[in-house]
Structure formats: structure tokens, C-alpha cells
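The structure appears below as C-alpha cells.
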Amino acid sequence: MINSVEKADVLIEALPYMQKFAGKTIVIKYGGNAMINDELKRNVIKDIILMQCVGMRPVVVHGGGPEITEMLRQMGKKSEFVSGLRVTDAETVSVAEMVLVGKTNTAIVNLLNQHGARAVGLNGKDADLIVAAKHLAKVFENGQTREVDIGYVGDVTKINSNILRVLLDNNYIPVIAPIGVGLKGETYNINADYVAGEIAAAMGAEKLLLITDVEGIYRDYQDKSTFISTLSVYEAEQMIREKQIDGGMIPKVEACLRALAGGAAKTHIIDGRVPHSLLIEVFTDKGIGTEVVRPMRRD
Amino acid sequence: MINSVEKADVLIEALPYMQKFAGKTIVIKYGGNAMINDELKRNVIKDIILMQCVGMRPVVVHGGGPEITEMLRQMGKKSEFVSGLRVTDAETVSVAEMVLVGKTNTAIVNLLNQHGARAVGLNGKDADLIVAAKHLAKVFENGQTREVDIGYVGDVTKINSNILRVLLDNNYIPVIAPIGVGLKGETYNINADYVAGEIAAAMGAEKLLLITDVEGIYRDYQDKSTFISTLSVYEAEQMIREKQIDGGMIPKVEACLRALAGGAAKTHIIDGRVPHSLLIEVFTDKGIGTEVVRPMRRD
Amino acid sequence: MINSVEKADVLIEALPYMQKFAGKTIVIKYGGNAMINDELKRNVIKDIILMQCVGMRPVVVHGGGPEITEMLRQMGKKSEFVSGLRVTDAETVSVAEMVLVGKTNTAIVNLLNQHGARAVGLNGKDADLIVAAKHLAKVFENGQTREVDIGYVGDVTKINSNILRVLLDNNYIPVIAPIGVGLKGETYNINADYVAGEIAAAMGAEKLLLITDVEGIYRDYQDKSTFISTLSVYEAEQMIREKQIDGGMIPKVEACLRALAGGAAKTHIIDGRVPHSLLIEVFTDKGIGTEVVRPMRRD
Amino acid sequence: MINSVEKADVLIEALPYMQKFAGKTIVIKYGGNAMINDELKRNVIKDIILMQCVGMRPVVVHGGGPEITEMLRQMGKKSEFVSGLRVTDAETVSVAEMVLVGKTNTAIVNLLNQHGARAVGLNGKDADLIVAAKHLAKVFENGQTREVDIGYVGDVTKINSNILRVLLDNNYIPVIAPIGVGLKGETYNINADYVAGEIAAAMGAEKLLLITDVEGIYRDYQDKSTFISTLSVYEAEQMIREKQIDGGMIPKVEACLRALAGGAAKTHIIDGRVPHSLLIEVFTDKGIGTEVVRPMRRD
Amino acid sequence: MINSVEKADVLIEALPYMQKFAGKTIVIKYGGNAMINDELKRNVIKDIILMQCVGMRPVVVHGGGPEITEMLRQMGKKSEFVSGLRVTDAETVSVAEMVLVGKTNTAIVNLLNQHGARAVGLNGKDADLIVAAKHLAKVFENGQTREVDIGYVGDVTKINSNILRVLLDNNYIPVIAPIGVGLKGETYNINADYVAGEIAAAMGAEKLLLITDVEGIYRDYQDKSTFISTLSVYEAEQMIREKQIDGGMIPKVEACLRALAGGAAKTHIIDGRVPHSLLIEVFTDKGIGTEVVRPMRRD
Amino acid sequence: MINSVEKADVLIEALPYMQKFAGKTIVIKYGGNAMINDELKRNVIKDIILMQCVGMRPVVVHGGGPEITEMLRQMGKKSEFVSGLRVTDAETVSVAEMVLVGKTNTAIVNLLNQHGARAVGLNGKDADLIVAAKHLAKVFENGQTREVDIGYVGDVTKINSNILRVLLDNNYIPVIAPIGVGLKGETYNINADYVAGEIAAAMGAEKLLLITDVEGIYRDYQDKSTFISTLSVYEAEQMIREKQIDGGMIPKVEACLRALAGGAAKTHIIDGRVPHSLLIEVFTDKGIGTEVVRPMRRD
């Protein structure tokens, strides 16, 4: 049992971090178990609100996960695959949008507000926040790489961040669903990691925090002793090239690289299964997970 | 064919209305055929953008319509009825929210932005915009009135309009889905007419414009000669009491009464089947449809 | 007879132009028949107010015309000429100032305000808006060019535009009489076309609109088929050099060139005898009259 | 010869007045000899600029004087009189406007700017500053009082002071010609004393300073020992009623009464023939001329 | 040893208090052991900075203590007493001012800034912050009460709080030495508790926190079981009247009463010997010490 | 005896200087006789307030003088000297701080406020205004120069001027005691001339005015005819190098050079024994004392 004086000590220990990050934008990619487990969910929500209370400007980007699959199943919609890639046809992207915007996003906004925040849900169509173009998947078959049209999967081509600044300046927390809009108004489903990376770049964020379901990055996943606390952008690029980083982690590391290239200060891949991993990363010296950083900058 | 000079004359004819309504808030309830027919839809979208261009502050509230029913059908969800009233259970309200927020709302926002506006979608959970409580339906059975719990159907209890002002002040057009949030975070489906009426009241709107699929109100629907151009609040209350206004029109007239009681200046029930009925109402002397007004105020 | 729906169509047709020019400064040189004919006068006045209503920032510069001559006549003042140029002595410039500022300017301001605008009259002495120096006329006689002092005729040397910004930011329409002030406080009469060009340059105007009494510029005035819709600055300079542009049109074309060199985006010489020629130019695709533009810029 | 130390002493003596009047509006009615004599003119101009330099907000209202008469003479216009009152027909008021706005006003503005101020000329038509209605003169003839229409002579019915505040907030000195505008746009000539009184009332001025060509008010003009330094509003009203105040002084005293009734703090009738009488009144204990004040307020 | 997760829990526990007090003014009377013991001193400093970091607006008022006595001793100045009261002659008040402003105040400001704050020292002379008048001590002798002049000891007569608002709005922490200034510029030493109470009243503070060297208030000091957690203003007034509150505590309780009467929301007498007692009071449910409150308000 | 008209003339003579210096920052080093003699003191105080009244932004830096010595004497503190330099040990610097901040500074602030200003006292610790580092004195002994640690005497290393701008923007007059703060929070006594020079540089002051007890600088002090009115920075540097400027004057001239190098426009060494020498310098053509200026700039 922690007594009052010890509690005060803990608050005081967090003081230098409050002083350091006051007024800075923090982009949080929210996903994985932390979006499913009720206890973890409440933790993340409170962590975000606390960040705002001590003067940071949090921006939340969330993914979708199993809810889209479940809805497709309920609607009797079967997924097609081309060379192992799910094809996102018009109906599928419409369901994805409906679930991400009308269910996942409203639930996060609601939870934040129930805990005293003033959150506002957004998707890429709001004020043209996320402009996107069709992503052409590369398939390697019969010794050749060719591009495959897998439908309404998009790449971010532009972030119109003004609406974010208006909301942050008025003390609202923006919560963003990863739906993009094409130049002709078409809807695109976009990987939320990439959206978070682009938002962090466009906002010149102080931090990009990607919540995952692993401890971070290992040189060799089999060997827990090879855990990497800090990864320079050069090492990260090399590990991707040499396929030392596996499938699910690639978009996360690429999002970090994109954010850093666009002007974000630091990026972190953190373990959402640890309670309050956001706060631990932001408010303690320990850090948690793997940070990807530009070399020469250790602040 | 209208020539250039005639076109200029038309613009000049609209000038007094531009001068009169500059800086005023106009709440538009968007629904009916004007949301389905592609031609009418584009008209309404352009009408709204034009209002903003000439200095008005439009706020759009939309309903849902057949899309919710269709989605429930696709999901194999059967509707229960109690004494003729559809019961909105937890799953149904979730589908309604998903469709209204993630499909209908995003489509309207998208269409506005494709035509050059900067629209932002909202629902009642965003910044707690629409706080609601359970609506208790009154059922008359066996000579007695009793209240029936028909689930997650809500009445507006509070509008937190600050987010609307922030968006309007920054030249965004707010587009609102009629989803309310309860004090414990529960989701409520609310009749969009009532939401529009409450928003108009909370904003002290200059006008509430309810787009319908009829010409307006008649004393006797059989007799087209009994069309009512202007209805005072007293007459309107009387007609409701005396059941001269039928089912579908009741929420519209009540929304007008609520808006007027809360401070809105004028309210109009207009025919969405007439192309550009919004502009005709706002920018010409003719008017269109039925206006419900406080007596003593003819401006 | 144009019906309501057609009227709405006309308004909607103007929408893209409203969107394009919102917030932009439009300098209008007001003169010629449009200042004399009552019908045309009312048209111009309403056109200007409509521009402001839809978010543009109009600035009006007017000329003088026959009222000065009439006043000189009434006062029994005879005009002297040197080599065909009217000499503007101290008394003449004083009469010009009196008529331009105290009669022409107040009448335009009054007319604008009677139609619902909030206009404010200015001349070059107000806040030292138009600083000027003596213009030395060049006379070609006996095979030689020499400079002739024709009195208080001025060239603009500096525009102090701050007062214009203050008025525009507060939604006033500035109306400017073409009187300049010398460094020692002396009064100069300046060609209103040049003043308009300099004001457009100093304000970085989106458009300079010069209202004239002709259709525009012809390569050959005799041959109506040689009408020029668009003239590049290079062509315009060449036509002046080669004397293809005649007397009265020279100051207009030079005003356009000056405005473009100083940063104005586009310039137009339009026919004030066509009703609402201002609106037709600004709000329709047709355009009207001759535009003088920088090459490479066709927006 | 005053040495440097004595000069500093004089500045220091003015300090309490600077502290007292900083940020306060001072309305100055400029007229009489001080507008004709070059030396006195320069003095008044510098006095006004100095007031602004030390933080006051001066507003200048000027009259017309002999220039209008001279212009009418030059134009061969004869004045008609009805029972001793000059009839101001349409032509006469047009000449008055032209001279007041285009000659007297521009000259004062110019002089202020030549001495380093940023002055802006206004008349009642600018932003509808001075709204007026026809003044009906009362004529006593054959034992009866009747109202006579003497043409375009006006009474102030409303001051739209917003343009004054905009200019003062941006450090411009407004200089106002006493031309009023009727509801239908007609031009009225108004006594400048009354205009100054109304402006002082509308602005809640700290002081109204009326520059005249006499020392102030005497109980008995023959007896210089009866000079009145301070007159209460009650005494002033009584003196007017009992005709102890003669013709030319009546509008001045009535302007004071009007200013005080409307909220101005103090009013002064001062002798413009004394060099720098404005400064002496404002910056020294001596005061000068006659002040008209509300009783109970001696600050 | 507290682990990271527990630390995060502690931060989250503080969240509701951060939300509740954001933007609120907190006046802290700093004194006693917490000003002498180095460890406690650092704690208080950090507690204050943390309050500011989470959005509160702390204002610090400090007392003097033993440093004044020591300085008087060093200077060989002997204190006179009249009926047991120390007489504060001109020299003594000058020493008090010098020590409070030039030593105690600068040391606190310095310590705050060394820990990352931006503090600014003030005393009652700065911008006439604390206007005071001579306090007349009441002495009871020979069965009679008489007033005794004990020199430059003052009562607060007015707080000019504008300088506090300017500093707080610009994120500076004001640190105030309890020196008052009389209407003729004379210096007064004032009890810091009273100054804090008056500042809290003038600022409409959310909390007044008085740091003392005791646990709080007891009904009976001998009996630790009679500790009072919450005291209503009526009880407090009664206890003073009935002399149940002893000497040193009287000014503290009176400061609370003064603050509450002037509009402060809550007041607390807390034990400065407990480390971080400020934070414990503000950020935990436990509370600490004795609160004096208006009845009816338990928030 | 100067009459009213002459007084007005003097005010008018000051007008061009008011116009020239409006909005400009003037740094005044206040010291010498002008701080001791009651008459001179009042003069300086009023001069400063008058500067503010006419729109300048005065910043006052004061020295200490005999009060520190007197206090050290009273406390029985003996001064040590190393090679003729007074050693400022921890106790001495503490006394200096106490006297400068708690006595000299409060007295000047009080005097300004008693005359109607709103002054605020500052020292280098407030908002870290003056960051300093230990000054190493250079001693020439036995044919060698060596550095000697003479304790807490500091050199300015940084000015954090934001607090000055906040106060000036809110119409407070900052009064600064020359105490600096080291990176570890240590206290430094700094020559007030240098502090004034650095403040003038950091603020880009229009003028640095150093009040001394001499007429200014002479080429040869014996020969009054060699008085220097204007000294270029090159001449000043040469005179210091060639030891033509003696001890007490060196810091003043160096402060001027520092201010000019940092962006101040002009610097003046003026005679504080002449009443109102500040005003005479600022408001008359005569000037007074010696100005040190950059060549090429004679404005």
C-alpha cells in the first residue's frame, strides 16, 4: 500500500517530464489488446487525459481490428484474396468505414468524454483531413514482381492538419479513424500506423507513440536478450531491407521513419499490454519498448 | 436561355437577403428525397455552400432513413414491436449509430467537401454535443395511457454547443448525426427533427429550415386550396392538440415550436422535392412551404 | 420571366466564383457613362455591394469628369493650354479637389450607404494615402522633346495603404478621389486610372477592374472582328510603343501594367455601358472586355 | 529667453494633466479666427497633435465660415432670405458640402499630416456618421410663432460613432465636416457647434472644447468684471431662457448642454485668439474661458 | 520500492484533482519549518511548480521569521516593547523590509527558478499591490482597553491585484513579501497570514493553503482525539470569540475567514512538517490538516 | 515668471521629440547625486513618468552606492582587499543584495508610484532576468597580469528580457536592481552601468541614458574647453585603450559600447546634477553631456 507521502514523491518525479513536454503535440496510435481489454482500455483513456491535463496536446489515431471482420461475417460478406492479399472492394471499404467511424471511433470518443475529456471524433473526410490515393500492392510471383489492384486500400498523399490545430487550440482531443478520401471523393481504408506517422509528421509532433502487443523490437525474436531499446533510423532502414523485421512490425517501423523524416522529434513502439505503458514512457526515466530516433539527437 | 445581364439581375435580386442574413446561423434539417435523389442531393449541397459563401453560418442536421433498415435486414436482425412501436434494443441502436455516423454522415461531409466546402462531421458524442435521456413512449391501451420502455430512443436534455461555435468561427460547416449520449455514456437514437429544433434553439438561430417531401401544411390535406403559408405558434399548438396535423408532420412542427421557444427567429417547413428550395426560401421574396412563427414578429 | 428555380440556378452558377475570390481585394476604377447614367450608376453600386457581401474586399477609385469643367465654367475660370495640354494652376487644382472630394466622392459614398453598405470616402490627403510629385509633360515640338510644367498634375510616388487595410478589416468600403499630396503639402490632380493601378499594386489586388465606355481593345478599331479578349503584358507594351493604342486607352493599359508589375493578379478593361458588367466579369465564365495579364498565369 | 531647466519645469508641470487625460476622448470644435490666421492655425494643429502624443484621443469638428459665402459669390449665386433667415436651397447645400468637405476639411487634414499626424477627413455621409433631419426654423411674426422651411438645414438625429472608434483605435485623428445625411440620402448643412456637442455625447468624451473668438461668457457684456469662469447647466439653461446669452453664443452653450446630457464630462468655451488656448486649457491649472459643467462634479 | 505501474497508478489517482483545479488560483502562505528545513523547502518548491504544470495558478505569500530578528541583532538594534508588544519603529520596519524583500523573497524566487519555474518576486510597493494603514493594537490594562501606537505595523486596506493577473496570464509565479505601502508612501510590516487571506479574497481564489508547524486545530490541544478536520465559519468565529483558539493560530483562522468572506472557495491550515503536505491536500482524497469552509459548500 | 502662452510654446517645442520617440524603449541608468539629493531625485522620478506619459517605454536600472557600505559598517563587517580590490564574499554579496533589492529598489519603486506611475521592482533573479558568471579581475603585479578571484562579482552572460516586455506592454515601469544569478543559483553583484548596457542591447533600446555626477567626457579633464559632445565608438575604444578615460568613467563608456554593439540606437552620458537633465536630453535640441554613437548614424 502506497502512502500519501510516497504518492506525492511519485508526482514530483513526474514533474521534469511535465515541464519538458508542456505545449508539445503527442500522437498516439491506439490499437491491439489495449483496445479490447476493458482494464487496459480505461488505462489508456486516463493516460491520454492526464497528458492533456499537464499541458500536452494529444492526438489519437486508432485502428479497427476484429470488429470489421465480425461485421463482414454478420453481413454474409465473403472476403476475396489475390495472392494472399485481401481485396477491399467497394462494399468492404464501406463496411470498414461504417465500423471504424460509426462504432470504434464513437466508442473511444465516448469513453474519453465519460472520463472528463472533451474529445471530438474525426475521419479523413472531415475537412479533407487525410487525402489518399490507391495503394498498389506488389506481388512476387513466378520470379517477377507485379503490381496488383486490391481495391480501396490507400496511401496517404496529404494531411490537411488545420482542423487538428483548431481543435487542439480549443482544448479538444482529436480522435482519428484511418479512413482517407481520394481526389474524386472515393473512400480508402488505410493502415492506422501509417496514418499516425503522417499525422505526427504533419504536426511536427514531439512524440509518436505506437501501442502494440509486443515488448518492442528484438534483433532475434527467439532470444529475449537481444531486445533493442533504441534504434537509429539507419539501423531501422537496414533491418527492414534485410528482412530482420517481420510483417506486423514493418508498418510500425515505417510509420516511425516517416514521422521522423517529416519533423517529429522521437518515436516509440510500446507494449500496450503493460498497464499505463503510455505514462511510463512519457513520465519516467525508464522508458519502455523500442524507440526509433534520428542519430545525433538524444534529448 | 438566360443571358449574362439577366444573370446579374438575379444576383442583384438576392443582395438584400445576403445583407439581411450575413453572420446569422441557419440550421438545416436535411432528409427525405433530397437525400436520395442524386440531382436533389447536389442541389442541397450547393445551396448550403452558397449560404456560407455569402456570410451565413449553416449547420446541417441529417436523419437516417432507409439505410438503417437495410443494414438491419442485411445483418438478419428482426425488429420487435410493442403496441406498434419499434423497440430499439442495444444492437439496433448500435447499428443505427454505425450507419448514421459511419455512412450517412461521412457521405454528406464528403459531398460538401468535394464541392469546395470544409465540412466536419459530428454526432452527439463529440464533445458531448447532444446529451439525451431515455424517451418513454406513451401507449394508449384498454382505455389507459401507460409508459412503455422502447429501448434506446432518446429525448434531448442538453446541447453543448461550444464545438459548433468553434467550427463555425473557423469557417467549417458542422454536419450532425442525430445520435445522443446519456449521462452514463449510453447511446440514443433521436428523431433528427427534434435534434435540429434543439440545435436551432441553443444557437439562437436566425432560421430553422426543415426539408420534407411535402409542400407544407394544409388545413385539410384533401383540399389543396387550404395550404397554410404562415402558422403562428398558437395555431400550430392548437392543430397538434386537435390532431389536425398527422403523424409524420408532428415532430417537424414540434421542432419548430421548440426552436422558437428557445430563441430562434423563424422556422420553415419546405419542400425538398423542389430543386433549390433552400435558396428559394432564403433568397427570394416568394418563400416556399409553411413557416411557423411567433406572432408579432414579421420581419 | 425567370422563375424561382432558374434564379437559384443562376446563384449556384456564381458559386465557384464566390469561392475563388473570397477574401481577395478587388480594385474598381469607376468612371465614364456608368457614373452619369442613373440606371448604370445604381447597377455599379449594387455590384460593388454584392462583391462585399460574398466576401470580397472592394476598393473604389473614381474619376471626375464633366463636373470639374462645369464648375470652372460656373466660376468664370478659363482654361489655358500649352501645346494642347491644359494647365492646372493653383486655382484649377483647388476646384478639382473641391469637386472630386466634396461632390463626386460624397455622392458615391452616399449612394453606397443608401443601398446598405458602409462606405467611407477618402482622398490622397487622408492619412497621406496618395503621395505624389509634379508630372512633367513631354511635348514634341520642332523635332525636339521637351518637358513642360503644366502645373498641379501629379504622378503617384507612394501609396500609404494602411488606412485601406484598417477600413477593409472593419468591413468598410473605401471610396477614393484621385487627389495626391506632395511632400510639402501641395495638392495634385492625378489621372484616376493611374491611381487605381497603383492602389491595386500596393494592395496586391486579385483584380483591377477599369470601367470604360468602350467594349475593350481592338487591334484595328475599324474592324470589330479584331477584338482582343486577352492581352499579355508584352503585347500591351508593344502596342503602346507602336502607337496601336490611342490616347484615352493609354492610361488604362498603363494602369494595368503598373498593377501587374506591382503584384496584382489580373486586370480587366470592361465596358461600363453593359448593365452589371462588373458582375458579369467577376461571376461568369464569359468574361467581358479585354484582360491584360502576365503570361504564364491563366487561372 | 527660457532656459533648458525652465523648459523641463514646464513639461513637468503638465505631467498631472497628461496622467489625468490619458486614453480620454477630447472633442474639439475648430472655428473662428483660429481657422483663418496662419499663426493661430498652426498653433491649433500642433496643440491637437500634442494631445494625441500624450495619449488623448482628439476628434476635430470644424465649421465653414467665409469660404462658402465666397464660393457662392464666385458662382453668382444669390442668397434668399425669409424673415431674416438664409434659405439653403439644393444648390446652396451642394456648394456648402463641396467647400466644407473638398476644401476646408482637406486643408485641415493636410495641415495635421504635414506636422506629423495621421489625420483622416470625414463628413456625415461617411459610414452614415451624422444622420440628420430637416430643421424647422421658428419665426415670430405678427404676434405669432410659425415654423418656416428654410431648406437643407439639418438637426442631428443620430451619430453612428463606430467609424470614429475604428480610426482612434488605430491612432488616426478624425476631422469631421458638419454635413449630415437624411434618411433618403439628402444632404444637410448643420451648425458645427451642434455636431461637436452630439459627437461629444455619443463618444462619452472627457472634454468638449469649443474654440471661439471671444473670451467666454459675461453676465453683462459691457462689464468685463462680470466674466463667468464656471457655469452650471442650470444657470446656463436659465441664461438662455432669459435671453442673457446672445445669438452667436447660443448654439455653443446648447452644444455644451447637449454634450453634458449625453455623458460628456466637461465642456469649455475658449478663446481661440489666445495662442495655444487649447493647451492652456488642458495642461494648466489656470483654465481659460468659460466652462459649462454639471453641478456636483468638480474634478 | 514503487514500480513503474504503481507510479502510473498514482498519477492517474491525481487526475480528477487536476481536472477539477485546472485554471483555478491557489494562494499559498509559505512559512514555518517548511521555510527553514532544506528538505521540506525543496518539497514545497516542487509542489508549487507541479501545481502550475497541471494548470493551476499558484500565488505564494511568505512570512519572514527569524531572519529579521537575527539582522536586528547583528545591527545592534534593541527592540522596545509596550505592554508586551514589540514596537516597530522606522528603523525596524526598514530592516524588516530589507530582509523580507532582499533576502527571504529573492531566495524563494531563486529556488523556484532553479527548479525550472519562472517566478517573479513582489512586495506591496510593486504596482501598489498591498495598500495598508497603521494597525492600532488594543491593550487591556487596569481594567480598560486602549489603543496603542506600536509603529509601522499595518492592516491591509486594499489589494491592487492587476499585476498578479498580468503575471499569472504570462505563466509567471508571483512570490509576495508581506510589506504594505501607506497612502503617503510609508512602509508597513504586515502579518503574512492576513496578506495571504486578502490576496485570496481579491483573487477569488479556489483555495487558500496556510502552511503551519502544527497538525491543524484541536478542540482541546491536550487531547489529540479532538482534532478538527472541517470547521465552519460559524464555529471558527465562535472559537475565536471564546478564546478556544490560541495566539499563533488566530491570524491563520482570521485569514481563512477573510478569504472566504471575500469570495475564496475553500481554506486549509496544513502541516508543513509533513513532506509534500501541499500536494497531499490538493491531489488526494485524504486531505490533511483543518479546513475552514462556508457551510453548505462541500465540494 | 513664465506665462501660460510661453508654457504652451515649451510643450509645443517638445512635440517633435514626442513624435520621434513614441513607442521606443529608453533605458535609464539611475545613480550618483540624483539618487541622494531629494530635489534631484524627485526630478528624475517625474522625468521618467513624463517619458512614459508621452508614449516611451522607460526601463530603470539603478546602482547602490553608499547604503551598502553603511550597512556593512553597521553589521560590523570588515572589507578585505586583494591588490586594492574589494573582495565580495558570500556575506557581503548577501548584504549587497538585501540593500539593493530591499531598500534602494523598493524606495525608487515607491517614489515612482507615489507620483502616479505603476512601477514594479525587479532584480536579476526575477524570471532569471540577469544571468551572470563570476568576473575574474585582472591584477598587474610584479610585471605580470594574473586573474584574481574576488568573490561574488559577476559579468552578465544573458538577459532574459521577456518579463520586461510583459511589464512594458501592460504599462508598468520596470525598476531593476543590478543583482545577477549564476547557473547554480548563486548571487552576483554586478556594476549597474554594465547591467544597463546589456539591458539596452537586449531590448534594442532607442536610447541608453547614463546619469552621472560629471558634465560628460573631456579630452583633458583639466581643460574645460576640451569637452566632447559626440564620441564615435572608434574614438571611445581608442580613448579606453590609451587610458584617456579614467576609472569611474570606463564602465559607463563600455556600457555604451556594449549597448550600441547589441543594437541600441544611441547612448548618452549625462550630468545628473543638472535638474531634469533627462528631459533636457530627450526633449530639446540642445542635448546635454556626451553621446557615444555609431558613426554613420546621426538621426
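When the chains are written out, they are named A, B, C, D, E and F in that same order, and each has its own residue count from 1.
In the analysis below, a contact is a pair of C-beta atoms (placed from the backbone, for glycine too) under 8 Å apart; a residue touches a chain by one contact, two chains touch by 3 or more.
Since the model is a prediction, treat every value here as computed from it, not as a measurement.
> Once you find the CA centre of subunit D and the CA centre of subunit E, what distance in Å lies between them?
Here subunit D and subunit E have centroids separated by 57 Å.
> Centre to centre, by mean C-alpha position, how many angstrom separate subunit A and subunit B?
Centres of subunit A and subunit B (C-alpha means) sit 36 Å apart.
> Please compute the C-alpha centroid of subunit B, do the same for subunit C, then give the distance between them in whole Å.
47
> For subunit E, give me the residues that contact two or more of the other chains.
Touching at least two other chains: none.
> Report the topology of the inter-chain touch graph, choosing from line, ring, star, complete and other.
ring
> If contacts are counted as defined earlier, which sequence of chains do you get going round the ring from subunit D via subunit F?
D, F, E, A, B, C
> Could you list, by residue number, the parts of subunit E that touch subunit A in their complex?
2, 4-16, 18-19, 22, 43, 46-47, 49-50, 53-55, 116, 274-276, 279-280, 283-284, 286, 288
> Quick one: in the complex, what on subunit D touches subunit C?
On the subunit D side, the touching residues are 74-76, 94, 97-103, 105-106, 109-111, 113-114, 118-123, 125-128, 162-163, 166-167, 170, 172, 179, 181, 184-185, 187.
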